[in-house]
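For reference, the structure is listed below as structure tokens.
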Amino acid sequence: MSFIPAPISRFFHRTASPPHFYALADKLMPWLTALFLLLLIPGLYGGLVMAPADYQQGDSYRIIYIHVPAAWMSLFIYVMMAVMGGIALVWRMKLAEVMLISSAPIGAGFTFVALVTGSLWGKPMWGTWWVWDARLTSELILLFLYLGVTSLYGAIEDKRSAARAVSILALVGVVNIPIIHYSVEWWNTLHQGPTVSKMDKPSIHISMLIPLLLMAVAFKVYYAIAVLQAAKLELIRREPSAQWVKNLLEHKA
Amino acid sequence: MEYSHSAKLDIAELSCSRDDRQLFSGLSFSLQRGQVLLLEGSNGSGKTTLLRILCGFRPADGGQIYWIGQPLAGSSYFADMAYVGHADGIKKELTVLENLRFALALSQPGHYSIEQALQKVQLAGYDDNLVQTLSAGQKRRLSLARLLVTHNILWILDEPFTSLDKQGIELIETLMDDHVKNGGMVILTSHHDLSLSHLSLQRIHLDSCL
Amino acid sequence: MSLIHAFFAIVRRDLLLAFRRRAEAANPLFFFVLVVTLFPLAVGAQPNLLQAMAPGVIWVSALLAALLSLDGLFRSDFEDGSLEQLLLSPHPLSVLVLGKVTSHWLVTGLPLLLVAPLLAVFLGLPEQAMPTLWLTLILATPLLSLIGAIGVALTVGLRRGGMILSLLVLPLYIPVLIFASSAVDRAASGLPVTAQINILLAMLLMALVLTPLPTAAALKMSVN
């Protein structure tokens, strides 16, 4: 902690204290929800209605407005988890542990969505539901990494130890993700040739790009909403008899 | 082996909870050379947990531990302490001698040679016996021999009297007596009434440390 | 000096323990041969099919054998309290861990080299691929032990850690599997394999330096 100025570290500790965080999350929620809708609606409208059909794939390409942001999120959330894990290990900050654990199922969900939409997209493109394409394969392995995190957390009874364990695992995973990604990519070019990399978009028209970016930001905001809600629950579950939880429940009742 | 004169363990405002239940809080004490600390308390009062915090296995929820005035991480604490827990830390497929030699390889040599230590714990002549052929009490005494052959000032003993007969209990009391007289310190938990009345014995009752 | 002494004391002790329990030591080896034997029975014994599959089959089996042997890495130390004593040693735990992984590899990884030629004959792998198979086994089996050690350290405190262990470790093994089996595959067709071998070597060196740290951290968590 010594290399962080005292006022900053005090600010973080205050914000990271469970009651303060809980109140802050509550306060942010309506704003985040509004922002999410503001991004999602034009994103979907622009992507599904306004953007022109692809000259090769027709309307079936429109699944990228879900698939690509979901795939981005699946990686983004894992990196977030590793960052949280690092903070939790170095500073033993409870809130970082809680955020890490709350992120895992959401990340796994996005990974699953990316896999399913990729497979749905593959049907018209390749004629089969599954092709051992480098991206889909990497995404599948990423799903396994997420499942490892959630099942390890579930298996260890003492939740503080469990949080330490998944922090270590998330850090190990994040070092491995690029290695796995490049080895799979390399394996793919070796075994199948570059024919199935149609998913790569070397150039994309601006009318398609804007809704895609809107959707990507909307997904990020959705993640913020989901992770804050999950973290609130996890905080209460962790210290059900803490004074601030009692106050909160009395207040609500 | 010379003991550092200033060797001293200070515990300040230590607290720990488990599964949302406060085990102890505001626990402060200090221990100097020549002193024995006996931790008392009912089952589940956190005696073992406190010992495991003192071993660095478990983080405390709050408070500080200092060894010779320094936080544990930057001090010689782990070179100066030894722990005997519920599990003996002894390999049953190895002989008595092999076990002690391995313990010695991981740490600095202490007051006694292996032969002397085995003599003191009444295991002389068992050097080449596999540990799995020893009785529970003999294994216990072997784990105590480890304390004698390696360098240490602070002994942390979790229920050292279990599975020992009257003779074995007297043996441990003698060993602790010697250790303390040589300037060592001991922290232990026990259900057993100690006859160490002539030593400066501190008692802490954990049930009253909430 | 005394750190090196402690490192070799651990290697020596674990080798001695493996020797005293030598009945168990051969099990991963039997398992390796047995799994390889299953493939011809399952997919049929056409020589060209088996030959094409040989590198993959051998490497998947090696992966599973390594996984099976991992459980013994810290289990007995955890149960009899030796692990606590290792943690209390004034030496850095990561170096002691490296000692344990080294002897684990000497006992479970190295013997795979002995049976590899037998399996290559079973599956009709061309002779020219043998040196490469050996080389990949030498480079990649220690990788399996090093990476696997992280997973074992995370799960050693669990009563039923086996399933979770494989879920944690197998995805991390994928790059090893890809490069090792493709090196053997290419060698069988007479192609150069320098790239794969170099990558495996680089991964091994990285793992030697990096993996003992999370393993040590995870052991501290497990002993908690």
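Letters A, B and C mark the chains as written, and numbering starts fresh at 1 in each.
Methods note: contacts are C-beta pairs under 8 Å (C-beta built on N, C-alpha and C of every residue); 3 or more make two chains touch, one makes a residue touch a chain.
A quick note: this is a predicted structure, and the numbers were derived from the prediction, not measured.
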Give me the ID of the chain with the smallest distance between its Cα centroid and the all-protein Cα centroid. C
Between A-B and A-C, more C-beta pairs in contact link A-C
Where the centres are mean C-alpha positions, what is the separation of subunit B from subunit C, in Å? 37
In whole angstrom, the CA-centroid distance of subunit A from subunit B equals 47
So the centre of each chain is just the mean of its C-alpha atoms; given that, what is the distance between subunit A and subunit C in Å? 32
If you look at subunit A, which of its residues touch at least two other chains? 158
Shared-contact residues (touching 2 or more other chains) in subunit C: 224
Given the complex, residues on subunit B that touch subunit C span 52, 55-58, 76, 78-79, 81-83, 85-94, 98, 101-103, 105-108
Over in the complex, which subunit C residues touch subunit A? Could you list them? 150, 154-155, 157-158, 160-161, 164, 167-168, 170-172, 174-175, 178-179, 182, 203, 210, 214, 217-218, 221-222, 224
Report the residues of subunit B in contact with subunit A in the complex, numbered from low to high. 18-20, 59
Quick check: in the complex, which residue numbers of subunit A touch subunit C? 89, 141, 144-145, 147-148, 151-152, 155-156, 158, 161, 164-165, 168-169, 171-173, 175-176, 179-180, 183-184, 186-187, 190
Show which residues of subunit A lie in contact with subunit B when the two form their complex. 92, 158, 238-242
